């Protein structure tokens, strides 16, 4: 059996859903960010796989994957800075305990 | 045959630690499990002949983002919290949402007729990516540096507040 | 089944490279470090086990193998064991792209990756995680603090390190390590002194880039004067305070493997790797005669009886022999005169000697000085060097 | 097989076999070395003082700031790699594109410098 586009898409779908599960069920803000990183990785697999199988002559997909990696790094930097700020003022990084904005 | 075996191994290396990432009760173990996941994805990039993206994946994801995450865990007492409940009340709901979304995406994947092109085994190299960034995608390239600047300044402001 | 044979070949090569690391970088490296340290401090260093203490590190290894592994209370056992393995494997993986020489048309390298130097930088960045994991899992205040310090130092110096690598990649126009050496062979000069299009006028930029790289590399492998993370006098031993026996040895192995790999990469990028120095015959014989003169002077004055002068005598004799061989080789029109791995190893060990020399010459930096050096000096200087060299090559002396 | 695949097959085998070889001495020690668990011995070593509290203590937020600046500049560096390989073919135009890219980021470095995010005091 040959490895084709759908194989990669299936793996990336599973990875995406694992990440989504993490985002939905974790209390710890850092763990939620880790879930988001998994989801971004899944999207990158898609981009590179589409590049390889649907437009093998160009490098557009890989270029976009690099941009996504950049954005993931920025997102992690700012998101984790927010976590640090929340921890310093509220003494917790559990999102269900951060409730000062509720009223 | 060899390719399929490599693919299956890499898929396992990617997905099994990913499950540990989202289920482990110990946040440091979660963060460290990210590394095999990222390295597995690196392997998938290699199977897709995207060597440069693979190198960047190791450098940025495994070498930089994971370090950042570990730093924050260690600075926010997360490392000691092995007995703290890590999941909220939405576990069944979250699992249902993830499975349902996965089912939908898989449906789309198998229903779509992908416009395959017949060109076999492309030879990607760093030079073509560099050329793409400096010619076709130059706007993205310059905007990226603006995004980096903004996130650097924003993160410094947020993290240093109250000093 | 060609992939199966490739896997077997790769497994065999792993064993070879691992043994090389254990014997050459760890055992001989530690021996040299102790001998040279002793010499610089006017002591003798290891002396009793084997001739000139040569077997001292073998004895130490056997000792470490018998030591009990102590796992501290409440440590995370899995991560505690995995951290040293991770550091050692990261050190091993650096060596995949290091070419040792060239016999005929065959380059002696495990694999010449297309993205060689980028791969090297990526593998070097993996060590940080092992160190953080080791520091955290020990459940020790000093270890955790040492791990955090070590990690913040290593990440700070990764950027200047990458800038040094990028400078060379830019000059050579390739990321492959073999390609970088071949680019130097093509222009007939090391990147330290000679650049394409700029010729010897490029020497200041080359020297600056080499200094940036070497400084960053020293900090990256936590050596003096950048050894704050392991500062014995402040932090017990930093992140490996709780590690005993073979686990400790694995951390050391990884560190030495990486230090040697940095020296090897510097030799490849700036000193022409396996290339033979392309000097005329008269220069070789002049150098040789100078070395012979040193030997004769040492013998006549009787200074050679002093145990602390003897290493100079040995080095001078070796240097004289090398120069004479080179002189006759060049006269006879042979090229290259000596097998290429000899040159590569000579350059690598010269740089290792330089690292050990630095250790006993400079005091340890303070943390603020260390971070200032990286962010306020090396980063701007590295970037400017990159831009000015690029400007000269593309705009002023466009091909 | 394509060169890329073989190259990285070697890297994978190196990582795998290397892990086994690094774990091997640990196994030998497990067989050879003596074992005697004393409660005092497994105490963490804190210069002879009996450990108190947890290993975790309040750490300085500056560690995070440096990691943060590192990540941003590490990402910047990944764009320099492809540029370094091709800028000779693309000439002056590509060079000035990179100068603009770097200048924007140097503003960030200047900001961090000015705001004292690079100080350790």
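Quick notes on this one:
For reference, chains read A, B, C and D in written order, and residue numbers begin at 1 within each chain.
Keep in mind that, in the parts below, contacts are C-beta pairs under 8 Å (C-beta built on N, C-alpha and C of every residue); 3 or more make two chains touch, one makes a residue touch a chain.
Source: prediction; values computed, not measured.
Seen from the C-alpha centroid of chain A, the farthest chain centroid is that of C.
The pair with more inter-chain C-beta contacts, choosing from A-B and B-D, is A-B. Think of the whole protein's Cα atoms as having one middle point; the chain whose own Cα middle lies nearest to it is D.
Mean C-alpha position of chain A lies 6 Å from that of chain B.
With centres set at the average Cα position, the gap from chain B to chain D is 17 Å. Chain B and chain C, compared by their mean Cα positions, are separated by 32 Å. Centroids of chain A and chain C (each the mean of its C-alpha atoms) stand 37 Å apart. Shared contact sites, meaning residues of chain B that touch two or more other chains, fall at 2, 47, 49, 51-52, 56, 59-60, 63-65, 67-68, 71-72, 74-75, 79, 126, 129, 133, 144, 148, 151-152, 155-156, 159. Residues of chain A found to touch two or more other chains are 66, 69-70, 73-74, 76-77, 80-81, 84, 88. Touching of two or more other chains is recorded for residues 1, 4, 7-9, 55-56, 59, 61, 63-64, 67-72, 74-75, 78-79, 81, 84-85, 87, 94, 98, 102 of chain D.
The full set of touching chain pairs reads A-B, A-D, B-C, B-D, C-D.
Interface residues of chain D, counted against chain A in their complex, comprise 61, 64, 68, 71-72, 74-75, 78-79.
Those residues of chain B that touch chain C in the shared complex are 2, 26, 28-29, 32, 35, 51-52, 55-56, 58-59, 62-64, 66-67, 70-71, 74, 79, 125-126. Of all residues in chain A, only 66, 69-70, 73-74, 76-77, 80-81, 84, 88 touch chain D in the complex they form.
Chain B contributes residues 3-4, 7, 11, 14-15, 18-19, 21-22, 27, 30-31, 34, 37-38, 41, 44-45, 47-50, 52-53, 56-57, 60-61, 64-65, 68-69, 72-73, 75-76, 78, 84-88, 90-91, 93-95, 97-99, 101-102, 105-106, 109-110, 114-117, 119-120, 122, 124, 128-129, 132-133, 136-137, 140, 144, 147-148, 151-152, 154-156, 158-159, 161-162 to its touches with chain A in the complex.
Taken in their complex, chain D has these residues touching chain B: 1-2, 4-5, 7-9, 12, 54-56, 59, 61, 63-65, 67-72, 74-76, 78-79, 81-87, 89-90, 93-94, 97-98, 100-102, 104-105, 107-108, 111-112, 115, 117.
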